[in-house]
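Here you go, one structure.
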Amino acid sequence: MRFFSDNAAAACPEAMAALAEANRLDTAYDGDGFSARLDAAFSALFETEVKALWVATGTAANALALAALCPPHGSIVCHRDAHIQNDECGAPEFYTMGAKLMLAEGEGAKLNPDAVAALLATIRDDVHQVKPHALSITNATEYGLVYTPGEVAALGALCAARKLGFHMDGARFANAVASLGCTPAELTWKAGVDALSFGFVKNGGLSAEALIFFKPELAAATLYRRKRAGHLLSKGRYLAAQLLAMLDRDVWLRNARAANRGAARLAEAAGERLVLPVQANEIFLKLSPAEAHSLRASGFDFYDWGPGEARLVISWDSDPAHIDALAAAIRSL
Amino acid sequence: MRFFSDNAAAACPEAMAALAEANRLDTAYDGDGFSARLDAAFSALFETEVKALWVATGTAANALALAALCPPHGSIVCHRDAHIQNDECGAPEFYTMGAKLMLAEGEGAKLNPDAVAALLATIRDDVHQVKPHALSITNATEYGLVYTPGEVAALGALCAARKLGFHMDGARFANAVASLGCTPAELTWKAGVDALSFGFVKNGGLSAEALIFFKPELAAATLYRRKRAGHLLSKGRYLAAQLLAMLDRDVWLRNARAANRGAARLAEAAGERLVLPVQANEIFLKLSPAEAHSLRASGFDFYDWGPGEARLVISWDSDPAHIDALAAAIRSL
Amino acid sequence: MRFFSDNAAAACPEAMAALAEANRLDTAYDGDGFSARLDAAFSALFETEVKALWVATGTAANALALAALCPPHGSIVCHRDAHIQNDECGAPEFYTMGAKLMLAEGEGAKLNPDAVAALLATIRDDVHQVKPHALSITNATEYGLVYTPGEVAALGALCAARKLGFHMDGARFANAVASLGCTPAELTWKAGVDALSFGFVKNGGLSAEALIFFKPELAAATLYRRKRAGHLLSKGRYLAAQLLAMLDRDVWLRNARAANRGAARLAEAAGERLVLPVQANEIFLKLSPAEAHSLRASGFDFYDWGPGEARLVISWDSDPAHIDALAAAIRSL
Amino acid sequence: MRFFSDNAAAACPEAMAALAEANRLDTAYDGDGFSARLDAAFSALFETEVKALWVATGTAANALALAALCPPHGSIVCHRDAHIQNDECGAPEFYTMGAKLMLAEGEGAKLNPDAVAALLATIRDDVHQVKPHALSITNATEYGLVYTPGEVAALGALCAARKLGFHMDGARFANAVASLGCTPAELTWKAGVDALSFGFVKNGGLSAEALIFFKPELAAATLYRRKRAGHLLSKGRYLAAQLLAMLDRDVWLRNARAANRGAARLAEAAGERLVLPVQANEIFLKLSPAEAHSLRASGFDFYDWGPGEARLVISWDSDPAHIDALAAAIRSL
């Protein structure tokens, strides 16, 4: 019973069916009929005109977004625990060609305007220091917290005031939306977000993520960068088809809700052990080495996460019986 | 009836079945059981120890291979018509971080040692000029010709003498092997090749190419570069599974033979119209604008390829009836 | 008696005096009084508002200019024999972070609109090919020819029509102006040039070149790039002082005229041996190996330049007696 | 009376005389007689075989050194207050092409093995995280402290154990050596340092810094990178001549001792106001805004350095009368 990561889950039936549907001769790259429908489908979802590009990984989505928002001689403010800082092997630096990440603090990998403003205040206005050009936040965060539309908007206002591009790493955007009950629009462009990495792979997709530009003009150079990075798949229709299938009838929300529900069940069982509130599909527990060993001996797999803590992630398809068993095991520790 | 590109074809049944087989919980990235079998499977095919990495595109495979062979301040010799020069939007420059491509000449996009040596002779030995570090050839070439093992070995000997890394862009490697009837080993490492982009997508794959290092030590930094480029898919098992399925029982050869056979049939019909011999699955025809128009009016789609010429590509699954119809149409021009 | 290169000459007295003048405590980097006067001094010379930055080398000036005009995913059209292509070890690729140089043809390293347009016509309008963003010419060229204001303007019109930035590598701009008798304005911005690498080092400077932006807005990001490249000298005043001293009373023109005069004297002596007309301070001669040997045996040093040809360069301070001796020696071959 | 920075000082007479001495026709770039003597001169100083390259700025020296020690997908450990992090506009990221700086802590911008090891321990051994490849320290530090040979050696041992390249930013290396009374060898290669940016400009040079490789094989690719970065001056002899002149008869030590002496005089006057011990030529004082205003009103210029603190830097040529006046003014606050 594995609770390592939603990355490891299977693809959902709708995504698999989409592959079969796309499995016929069509124009290569993004000239096919599925890819052609992406802009419209995501524009409808977001209630505004967007440009939507498929890419194969969240890292590529993030790095392409950041390259669109920050020049090589600029910097990007993000949380010290951000995925773009710690888990992408320098992809932002590669795609931006040497921009710096400036690391801000905040509990649960969450930033607020004060922390960002304090960091910005350390930068002198001369050519000796790299100038901030963008802010990147993760929603839900790397610690499973969500930014509310109001919290995003507060950061968006800061970005507007300081002329920073605003990127949201939404590897678990679906989980955030499902948790908040808000619209995708409220959580993004209405709150000032310029570019969103909209994750599908952790949420039941197979190999497609969506990179959404709320300022469509940002997409033009990105199309070149995507090709240049080897991310313009020649049979891109299989990616587009997955995305469309998961937008259709809100499969993405259904999957995210299932994962969030499982996490909530575990959170209830965990009680005082919770390191942070559970707002999406990840839970962080206080767990002694002995307790961790005991859980593992009972067949539950998960990551240690710092000393005395563990991370468990629930997927769209985590078996409810496994979750119940885990909940019981945690209760009985 | 479309003869634009083998990029546009469907995926073969074995590749599709592999996706279904891989569609279950497994370790993320390349920690899964399918990925774990790649080295062994390709080592068996190539009769030597290789490192095999899946990537989603041929452009990524090429660019990663070149980055492993050439430093930013070096250059890569290739044909003026090479895909890496003309059709990858500068991916080699991006991944190598600014290496130069040095363009050599040769009919049918094919290089020989004399042409390469002549180009190398133009470079002075001082720090003002970028120094060649690698040679890249395409087999089958962009014009559908094949290099024989002997021809590759002649270039390999030059590379060894001049201390150049040797890369083969094998987007249509399967077609070349099928055409030549040689072993994969004879066409690559036995002839001095260090790294091969082994194409599967044009040959019935869905989204997986294999990057093969015959010098396994070249793979180590490439693993970082692949992640850094956003090419380490979190559900990489779907890519590995496709590759394994197409190696199994030589599906890759079966597909390539089918495409080559179709091309041969058209070549026979084309006769004197052929611009170049047909050695793989592409044919280049002399075709006046009126003739091109006539073929298109009959329902055949293809690319113009320079003035008075056309390119037609046969896929693994091109309908024999379409091929026959096209052959007849060409004959009756 | 060395005729290798004007790079090897001494610095002129005015430049040396400027160093002494600047040798006192002043604000670091470009905050000093000399640097502060550069924009005004060059704006006066060019009869329009320019931004003028000192840099230590022509390579840096060229590469910074190109980085201001071309994104990493773009290309720069230049002559096959351009210094930026052959003699800067990939500096344009480094500073632009991977842009391509597209090589056009033309006698004497000179481009014309037809050659450039023909090259541009080879580029398809899709994301698979790198798009041209800039044109770079060298005036005087690497073969000692000059572009007239009219010739520059014809290329400038092409750039305007095709939305290309227009850069002039003016390592020997002074020699070109001196030769043409035109104004610096006529040869640059009035003819559509956006950025000029204005060479002083070959012309009697010690360590300062001027990078001139005729579109001042291009300078802003360049200031960061200059620092980032380690080209913001902490005692920049010594560079600024050299430039000001050589602008003062047209020292730059005086020096260039002296060099051109010497070259003209040799050209007269060379007669039929000339490979190309002598329009600046370089001469290219047909010279058999025996003749080259004979000249060297008489104490004249110079570079071979392809088979049966030699290059001789006259400096601002070449000794007239040496030039006379060389002229006589050439006549008596 | 300016105490802003040693960057702002004049050049010393020996450096100026060297320019005059070099002011004659010689081979361009680094083919001249002065450049040819650099390796030997620095090898003698360091009592081991070194490769010594001139460059025009400390930023270029640092960035070239780091590029020699760290690949694009690696990281460099340095202090949070390091010049390479805060004051070079991302030059390390530019030259390394996107390596990360990992920031460690320590008082007075000084690192120790425990702090470095603790930071290294945060990096997992997988391809998702950038791996450390080098350590860079500044000696004397950005806060005017010196590392002793023993302290450097402790870090050098860590580097050896962890296979990290070891770079020393010696913008004020002369001040450190003068302060410690050790040999240059003891402070560098004998303590494990691989590459040293040996500063001359802050210490009475005009435009030349020395980049020293104690592992001579690191220099080969650096020669290309230097050219590629536009840092191979065509009249490099003026830089080499400065360095030789300042090595001759230990001018570099004489200058550094003078600056250190001045700082010591001020330190004595400052007493309890000192934020940190004064070990080189910089002093950091607690100074209220009113006190700072009072000093400035008396004609003393310096930088504020954080709230309630000020930085004063003494140069090789700071006027002793000014220093005495400042000491008195500080005493009388």
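For clarity, chains are labelled A, B, C and D in written order, and residue numbers in each chain start from 1.
Going forward, a contact is a pair of C-beta atoms (placed from the backbone, for glycine too) under 8 Å apart; a residue touches a chain by one contact, two chains touch by 3 or more.
These figures come from a predicted structure and were not determined experimentally.
K.L.:
Counting C-beta pairs in contact, does B-D beat B-C or the other way around?
P.N.:
B-C
K.L.:
In whole angstrom, what separates the CA-based centres of subunit B and subunit D?
P.N.:
50
K.L.:
In angstrom, rounded to a whole number, how far apart do the mean CA points of subunit B and subunit C lie?
P.N.:
42
K.L.:
On subunit A, where are the residues touching two or more other chains?
P.N.:
72-73, 88-90, 94, 97-98, 127-128, 224, 227-228, 232
K.L.:
Would you identify the shape of the chain contact graph, picking one of line, ring, star, complete or other?
P.N.:
Looks like everything touches everything, fully connected.
K.L.:
Show which residues of subunit A lie in contact with subunit B when the two form their complex.
P.N.:
2, 4-5, 7-11, 16, 19-20, 23-29, 55-64, 88-91, 94-95, 201-202, 206-207, 224, 227-235, 238-239, 315, 317
K.L.:
For a test of understanding, state which residues of subunit A touch subunit D in their complex under the given definition.
P.N.:
Interface residues on subunit A, with respect to subunit D: 72-73, 75, 86-90, 93-94, 96-101, 127-130.
K.L.:
Under the stated contact criterion, what part of subunit C meets subunit A in this complex?
P.N.:
71-73, 97-98, 127-128, 131, 221, 223-228, 232
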